[in-house]
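When the chains are written out, they are named A, B and C in that same order, and each has its own residue count from 1.
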Amino acid sequence: MFRYLRRNTSLVVGIVLLGILVIFMVVGALMVDTSNAQPLSVPALQAPSWDYPFGTDRQGRDLLAVMVAGTPLTLRIGFIAGILGVGIGAVLAFTAAYYGGIVDTVIRSIADIGLTIPGLLVLIIIAVSLKGSLTVDQMAIVVASLAWLSPTRTIRSQVLTLRGRGYVEIARLNGMSGPEIIFGELMPNLLPYLAATLVSSVSAAILASVGLEVLGLGPVEAPDLGMTLYWVFFNAAIINGWWWWWTAPLVVIVLVFLGLFFLTVGLDEIANPRLRRAV
Amino acid sequence: MSAQVLRVEKLDVAYDHPRGAVHAVDQVSFSLRPGERFGLAGESGSGKSTMALAILRMIKPPGRIQGGEVWLEDTLLSRLSDEAIRRLRLAGIAMVPQGSMNSLNPVVRIRQQIADALADHGEKLSRGQTVARVRELLAQVGLPPQVAEMYPHELSGGMKQRACIAIAICLRPKVIIADEPTSALDVVVQRQVMETLGRVQAQLGAAVILVGHDMGLMAQFVDRLGIMYAGRLVEVSPIREIITNPRHPYTRMLIESLPSLEHKGGLRGIPGLAPLLRELPSGCAFHPRCPMAMQRCLVEKPEVRAMGPDATAACHLA
Amino acid sequence: MTALLELRRASKSFPGGVLGRERKMALEPFSFAVDPARPGIIAVVGESGSGKTTLARLLLGLIEPTEGQVLYKGRNLHTLSGAERRAFRHDVQAIFQDPYEVYNPFYRVDHVLTTPVRKFRLASSRAEGRRLIEEALRAVGLRPEEILGRYPHQLSGGQRQRIMVARALLLRPKLIVADEPVSMVDASLRATILGSLRKLHEELRISILYITHDLATAYQIADTILVFYRASVAEAGDVELVVKHPRHPYTQLLVGAIPKVSTVRDWSAEEPLDRSFAPGGCRFADRCPAMMPRCLEAPPPLFQTETRRAASCFLLDQSPVLDAEHVTAVLTSEDTPVRASVPA
């Protein structure tokens, strides 16, 4: 195990980066008063100092508290949307690939057509048409509504390569039913692949949610990363030289994406033996 | 000296393993006369393919050639530079590797693949000469000239294998090593391919090493047969002798395990399994499966002994 | 009485060519029945692309026929109810060619043995299931303690293939379809595996359809034989007759092509004939040394030359024509009366 990790440096880097974030959130939650993430809690527009290491924003929020409270919210959106997306995608993909025929044609066509439509456009329409402000979980579901398309397609093609294997035929001869073969025979062999897909879906979902939020279509009350950036733009913080306001969320977002990216690459190497480096 | 075209002396190939080196080829010696057809037979894992690769110094890490000498006429192969040995493959010793018919480049015409092999070994031929040479080579392996302009997928399995033979002989090698050249082919096609191989070999006067496990094929094709077991050459004899009077019990059982078309009830396997190289039995590696094993076989590894002008065997009973 | 498993003019073709317009025949319409009351070992011999594997997959219900029907106890195999389907799986089992691919790398080899015990409720307790599995493994010459608990990659090809025989044996089927069961294991182990198949047949009265390209093993293990060439039957009948005295030129070519372990070198290659394949006539015409003009006009029917042999060749046209529906008649063992519908 340890030997393997030494070869798979991407996996290690990804785990370390995400580990740093988790430590930041856990330690932060213990040390920092997260109620300061609400407006009017602290003096406005303070540059970083000992009292406010990340500075404060124009509405009087402690940006350290915002990061501590907001990072888990952003990750929460990502994980809910990612898990829903991969979950729905996997069920559809396994059904399509195992049964084939008309079921396959319908599912594949929907996924293919869905993927050609620009996702952000659809999300904007959905977000706008929902009346009033969203909660964080509703935001996650909005993002999830498109997050299953790409997993459906990629998992389906993976299942197709496994479906012709001899052990699937033996399972049929052993009296196993379709769902039993899907979950008992095919799924275990795709676990590393599903994990890699999950991680990349999570990062895609985070990207989508941040995109929506920057446009002001997110949960206005929540202090998550995307909404913080929305307030940055709303108050023209970049032009006004309040650099600390956008530095903190940007660094955290970059850390999240880099961590997830390296984790995906590392997991891909496990899932796809052809990428595995020679001994 | 030059009565022998290829001479292998105490060749030893080892693979590193956490529990000590494992010998895939263990002190193997044999030699080939010009134009001779030599067979190497054994079960999978007996080291026959490894030996074929070792002769050409094509063992890849973690395997390595640990000792021994391979002489091609008066050249000691281990002394050659990497570049020289690369040139020697094809010009001196040509290999038709296992599954070679699937190793043809699918997007290159057969003519170009032969021309590439020629050019790769420094044959400077004009365009016209190349075309003529390709045509000649295809004719030698019994393929019509149109094949030159075809792609591999347009050829049947037997034709592809013959195209591989054409590439192998394009530089008139002195030794051709064919590793299970017909294992993926149907019997009727197998016979055509083997006849082609035999014909070009006779024309070139080259010696052939045929690696395989089909004793019937060996009986019909080779002049002399070597039997490998657990990395050792346990018996070498002229084919007639080995069929009528096998010296090693393993050879006899290998011959008997081949189903006969003459009489029913001849279905006899060799009990037990081929041993794992990393946990070889003591003494003679074959003793756990040998019906004639004696106390001596459990403790003493039998030496390879000469059994006549052309034969050797490694068995206490021989 | 109804046969256990029956093909009724079943054929299979696959789309091929540009836009899939030309269909490639994998099996010409073929009728064939397996009668559980007279268990036998039937060999199906042919080269790759001869239709022998298509036949196996049709019989196992893994593919549907393009035309015609596959019947299990008189019912269409592809419209069976759940319970009937399970009975079918219980009665008809298979052994495949590749002893590596048939194992799910995720599981220990126990998985392929415990699953049928569970799914077909072969045992009332775990201990009894374990006992059945160990018994089956011993029956094929394996020591359970060396096999159970291992992963597939830790076992040799021969061991894995014997586990597959044990798996089929667990279910005590009435028919085992063995598709090239020994072509990927060492020659020295072939005999052992074929030996255990033969034993299953003799001791448990299981019928075996042995599909192979190797005429010699077919001769050793089978009682009757079907020789396929390009999707249809070239010759069929008693294995002694067909192998020792082949009548169809293709069978003759096949028998001659087998290299024999003998000091007599009688192995010579087929003379290549400068002919190309002409559809519509005899499928072997382009390679046949005895081709006549009429061979190009229509495919020859089966001629029944003896009670227990038929061959599809115009050279044998003095013999009565055997209706293609009744190929099974020449495969039935001697001690049973031949069907009345067959011309004597």
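Operating definition for what follows: a contact is a pair of C-beta atoms (placed from the backbone, for glycine too) under 8 Å apart; a residue touches a chain by one contact, two chains touch by 3 or more.
Quick caveat, the model's predicted, so the values are computed rather than measured.
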Exercise. Viewed as a graph of touching chains, is the assembly arranged as a line, ring, star, complete set, or other?
Worked result: line
Seminar exercise, completed: By Cα centroid distance, the chain farthest from subunit C is A
Exercise. Whose Cα centre is nearest the centre of all Cα atoms in view?
Worked result: C
Problem set entry | Geometric centre distance via CA averages, subunit C-subunit B, whole Å | 33
Problem set entry | Distance from subunit B to subunit A - Cα centre to Cα centre, in angstrom | 56
Seminar exercise, completed: Whole-Å distance, C-alpha centre of subunit A to that of subunit C, is 53
Exercise. Which residues belonging to subunit B are in contact with no fewer than two other chains?
Worked result: none
Seminar exercise, completed: In the complex, the residues of subunit A that touch subunit C are 165-167, 169-176, 185, 188-189
Exercise. Residues of subunit B touching subunit C in their complex?
Worked result: 43-44, 142, 186-192, 194-195, 213-217, 219-221, 239-240, 243-244, 253-255, 257-261, 264-271, 273-274
Exercise. Inside the complex, what are the residues of subunit C that reach subunit A?
Worked result: 60, 62, 86, 89-90, 93-94, 96, 98, 100-107, 112, 115-116, 119-120, 164, 167
For this session: Using the touch rule from the top, collect the residues of subunit C that touch subunit B in their complex.
Result: 47-48, 156-159, 186-195, 198, 213-217, 219-221, 243, 253-255, 257-263, 265, 267-270, 272
